[in-house]
Amino acid sequence: MLSYIFRRLCGAVPTILVVVTVCFTMLQLTPGGPFDSERKVSPEVLANLQAKYHLNEPIYKQYGYYLNNLLHGDLGASFRYADWSVNSLVGNALPISLTIGCTSMVLALFFGVLLGIVAALKQNSLVDYFVMFLSNFGSAVPSFVIGPVLVLVFCLWTPLLPFGEFRLTPAYILLPVALLTLINVSTLGRVMRGSLIEVLNSNYIRTARAKGLPLRTIVLRHALKPALLPIVTLLGPLAVATIAQAVVTESVFAIPGIGRLLVNGAINRDYTLVLGLVLLVAIATVLFNLIVDVVYALLDPRIRY
Amino acid sequence: MKQVKSLSVLAASVALALAGASGVATAAKVPAGVQLDAKQELIRNNGSEVESLDISQVESYPAISVTSDLYEGLTRRDNNSKILPGVAESWKQTSPTTWVFHLRKDAKWSNGDALTAQDFVFSWQRTADPKTATKYGIFFEFLKNGKDVLAGKKPVSALGVKAVDAHTLEVTTDVPTAFLPDLLTNPQMAPLHKASYEKFGKDYTKPGKLVSNGAYTLSDWVVNNRLVLVKNANYWDAKDTKITKVTYLPVEDEATELKIYRAGEADTIDRLPAGTFQQMKAQLPKEMKPNKILGLYYYGLNCNDPVLKDKRVRQALSMVIDRDVLVNKVMGNGEAQAYSLIVAGTAGASVTGYDWQKLPMAKRVEEAKKLLAAAGYGPNKPLHLKFSYNTSEVHKKVGLFVISEWKTKLGIVTGMENQEFKVFLKTRHDGNYQVARNGWSVDYNDANSFLDLVRCGSDQNDSKYCNKAVDAEIAKGNLTVDAAKRKALLTSATKLAMEDYPIIPLFQYVQPRMTKTWVGGWTTTNPMDIYKTQELYIVKH
Amino acid sequence: MLFQKAKRQALAESLSATTDAVIEGRSPWADARRRFLKNKAAVASLIVLLVIGILIVAGPWVLPHAFDDTDMDAMNFAPTLQGFHLFGTDDLGRDLLVRTLIGGRISFMVGILGTVVSVVIGVSWGAVAGFFGGRIDALMMRFVDVMYALPFMLFAILLMTFFGRNLVLMFVALGAISWLDMARIVRGQTLSLKSKEFVEAAHAIGVPRRHIIFRHIVPNLLGIVVVYATVTIPNVILTESVLSFLGMGVQEPMTSWGVLVDEGQSKMEAMPWLLLIPGFMLSLTLYCANYVGDGLRDALDPKDR
């Protein structure tokens, strides 16, 4: 198992490198640059600025500088937030995004699996339709509608929760976590329902039923584990998206997280910041997928590394 | 999106400047009978994260607001945009291009160090240095050799600033610059604490390291989350500074910002989501603080375009837009109709107008139709145009209105091209458009700032318009010392340019602000639109 | 009454099922249809979707207003009979009903075209990779890994800045970022189909490989592709709405549900109809699409047979 993990990590390095290169190229090709603003800067000033950030040098050299800094653990200086390094920007945003993202993932996993099981056991009944109605809410109503409505209801109409400068306390993260959970429950719930139906229709479960085992035992002992496999596959990308790309949630609740940093970086053509975040997301994707595969192996006895 | 803004004043006249003034305490003026709250703390939403607190990098409105609290220049502006003495107690224009500033003896840095004329020289030379690469070198271009220093053609020591002694600063300009005291209110022109800058380098703007000379000093800064300033006890006018702690929030989403305000966790906001002004005005009339600023919302017409090269077409396009409907029905925040490059309140030139602006609309349309027909367009050969703008509710709304005016009145078919902001800027700066949304608010209160939009080859001239006669008038005006004569020349330059219709002026901007009722000292007569916290106070509530 | 109807239906079903069995034997498609029809929510959803489809196609022809007609004397009308603005007007006096219907056309088009693009790319990519295997497979799937590791939002934003001006290119862009899952699934299925007898037979009689892939393998993937495509449609529609929230939606005066809902949410307190009407249509469509997707999945999933 350890050697498998090691091999996977080594194999990931070129993938991550390609991701960074692709992004670097895409950013270079995007029209507009970090110094374009309403007030056009004069050619002299532009020259000064480009010299300061090495933008006047050939692309391959800029790329070389970037990789070299990267090897030294330096993600460079941000263009948009001139006083901060990309390292410190990411360092500020990551704990917040991780806290909110992970909390909501745990909740979504619990509720998603629960709702999925209920719906699957009552397939095609009113209970099924109603449970799926609940669980699909997050994927049928855009999050940029749910979010503001939550704020209106819980912070303005009935001022139960504070709404202002973001702090990493339960009162402030309750609503964003709720919103992210709603979104993820809809994905997880549907997958859980589908895969459990599939498992329940399989021959060995039919056999178990024929033997007269109680439904409870069948589901918990025999059906749940295989039915969870597709959920596990899904968790990796879902967790990365929840942590790093919760743009809507972050802007609606004024959260200084990773997602908004990434979108603002792209809008401001903050090359170094975007690349740094892309690197972070790429590494997270690789790591999460690896964890998922390991969990998969633990769940599914047929898989051996 | 508005132009990057900066400060200045309504009447930055030589007379005021020559008069100078003595060090009158003018900070928070609390009217008699007003009881102050025990807790003098304020939360302002700033609309966006500051790009920097390094005064050589400051450019946006949010950053200028914060650095105006942290730093004080030779002069400063109150919340009515009036020029007051800052670090300089008094000043004199000794020749058309030479100014002498006398610094107050009690001026100190926040760490207690004495503030001297040399600190200004150091700051200005550093900012003008090409290696510093400031994006906003416009103020330095007025100083002697400023342009050459910024371009690296001359050493920084050639810059027109000299410390005569510890408390006397001599500033020389390239041309007579009557609005110099106005320019100097900007935080970009503030002094810099050399010792801390040299000790910490790029990190000198971080809490605990930043040494400032304004009414406030930096206490806490979590990027994208909050920026907290506390009262600077060493500020020369500290006794009149009431607010002890001000928190700037960087909330960008306008709807979120308004909700935070309503939840009571922000005391002031600078913007409102498009279309909510009337609703909020009905709900909270006392908290509305709309402020008319020296800014023009206009459409640029690309004078190099084969179709728009024809002045008659440009004139027809401008004539038929009903500014009254635009201002009252489409915008509705109290904007003023615009028919000139210059907006009301700008120093250095009068607002010009068009002969047709008072005519009834039917008549205007009739005449516009004739112009179009003369240019070869009519029902048989309708004019096709493309309008470019960047994504924003306001730009979209105005665009749709203007296009429907052209369509219904002149039968012009206009395609809309909505671009992402930076893509749009490139399109517009490169002149790859026909009609483009544009806006300008002045960097300093003088007509010169607006005239930059029509000067041949100016960086801000996105219309690519060029008329040598206009340029000659501007140049002549700027060399004229007599204020009245200068004003006449710049006004005539404006008139001349506007008769060529390089732009379609639409309206004068209004900033639809809101403040809680207990925030005292807030004004709605502040054309330069910077609100210094030191003049505010919290009423008991 | 209802009960009777249900009973009659059940009877009819069992009858048709028996006749199928007796006369033709059960083709897998008839089997799937039977299973799909058992899911009442899915059937009802399909009908609702058809009705919405008819409305958005025919509605704008029947109504007296054009979607881009501004009316300065009818701004911000609440739903009224005056001027026949049944669903009210927006801040430029444009009829909301017509705009909602036109927006629906765009949203449907975005969903369907985006999905078609993702199906075409995903199926070709997955089938080719799975069929050829070896190095080609490894390389192609490594590319998919790279795409997975790229932050989706960033990719979407950069594509929008490139193609923002063009509606069709936008669909393509949306499809181009949602084909990854499809490619993975198709590859997996192809791998198992490859060893089936009919493919080996085709090989043996010298059918060119291109033909084997697209004439013999791809048709056999149809079930899973259809299932997955129905899941993709609502996702693409929702993604379009998030892009609208970020200010990268459809070009005015054209509109989409995403754009309308985003505009509506910012004015939801003062002018709730601007949010409620397009929001209801969007959510109804997404709900229905999800139910239909689940129904099809339950009915068609090949592993289920």
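Note that the chains take the letters A, B and C in the order they are written out, and that residue 1 is the start of every chain.
Just so it is clear, contacts are C-beta pairs under 8 Å (C-beta built on N, C-alpha and C of every residue); 3 or more make two chains touch, one makes a residue touch a chain.
Only a predicted model underlies this, so the values are computations on that prediction, with no experimental measurement involved.
Student: Which pair wins on C-beta contacts, B-C or A-C?
Tutor: More contacting C-beta pairs are found at A-C.
Student: Compute per-chain Cα centres, compare each with the mean of all protein Cα atoms, and return the closest chain.
Tutor: So the chain sitting closest to the middle is A.
Student: Can you check how far apart chain A and chain B are, centre to centre, with Cα atoms defining each centre and the answer in Å?
Tutor: From the centre of chain A to the centre of chain B is 40 Å.
Student: On a C-alpha centroid basis, what's the spacing between chain B and chain C, in Å?
Tutor: Chain B and chain C have C-alpha centres separated by 48 Å.
Student: How far is the middle of chain A from the middle of chain C, if each middle is the mean of its Cα atoms, in Å?
Tutor: 23
Student: Got the chain C residues that touch at least 2 other chains?
Tutor: 161, 265, 269
Student: Residues of chain B touching 2+ other chains?
Tutor: 255, 420, 422-423
Student: At which residue positions does chain A touch at least two other chains?
Tutor: 30-32, 148, 152, 267
Student: Residue numbers of chain A touching chain C in their complex, please.
Tutor: Against chain C, the touching part of chain A is residues 15-16, 18-19, 22-23, 26-27, 29-32, 123-124, 128-129, 132-133, 136, 139-145, 148-149, 152, 190, 193-194, 197-198, 201, 237, 241, 244-245, 247-248, 259, 262-263, 266-267, 274, 277-278, 281-282, 285-286.
Student: Applying the document's contact rule, which stretches of chain C touch chain B when the two form their complex?
Tutor: Chain C residues touching chain B: 68, 70, 72, 75, 91-92, 160-161, 164-165, 247-248, 251-253, 263, 265-267, 269-271.
Student: Which of the residues in chain B end up touching chain A in this complex?
Tutor: Contacts found on chain B: 1-4, 43, 49, 51-54, 57, 59, 130-137, 147, 150-152, 202-203, 205-206, 222-226, 247, 249, 251-253, 255-256, 259-260, 262-266, 420-423, 425-426, 429, 439, 459-460, 462.
Student: For chain A, which residues count as touching chain B in their complex?
Tutor: 30-33, 35-42, 44-45, 48-49, 51-52, 80-84, 88-89, 92-93, 148, 151-152, 155-156, 159, 162-166, 251-254, 256, 260-261, 267-269
Student: Any idea which chain B residues touch chain C in the complex?
Tutor: Where chain B meets chain C, its residues are 254-255, 273-276, 278-279, 325, 329-330, 391-393, 396-397, 399-401, 404, 416-420, 422-423.
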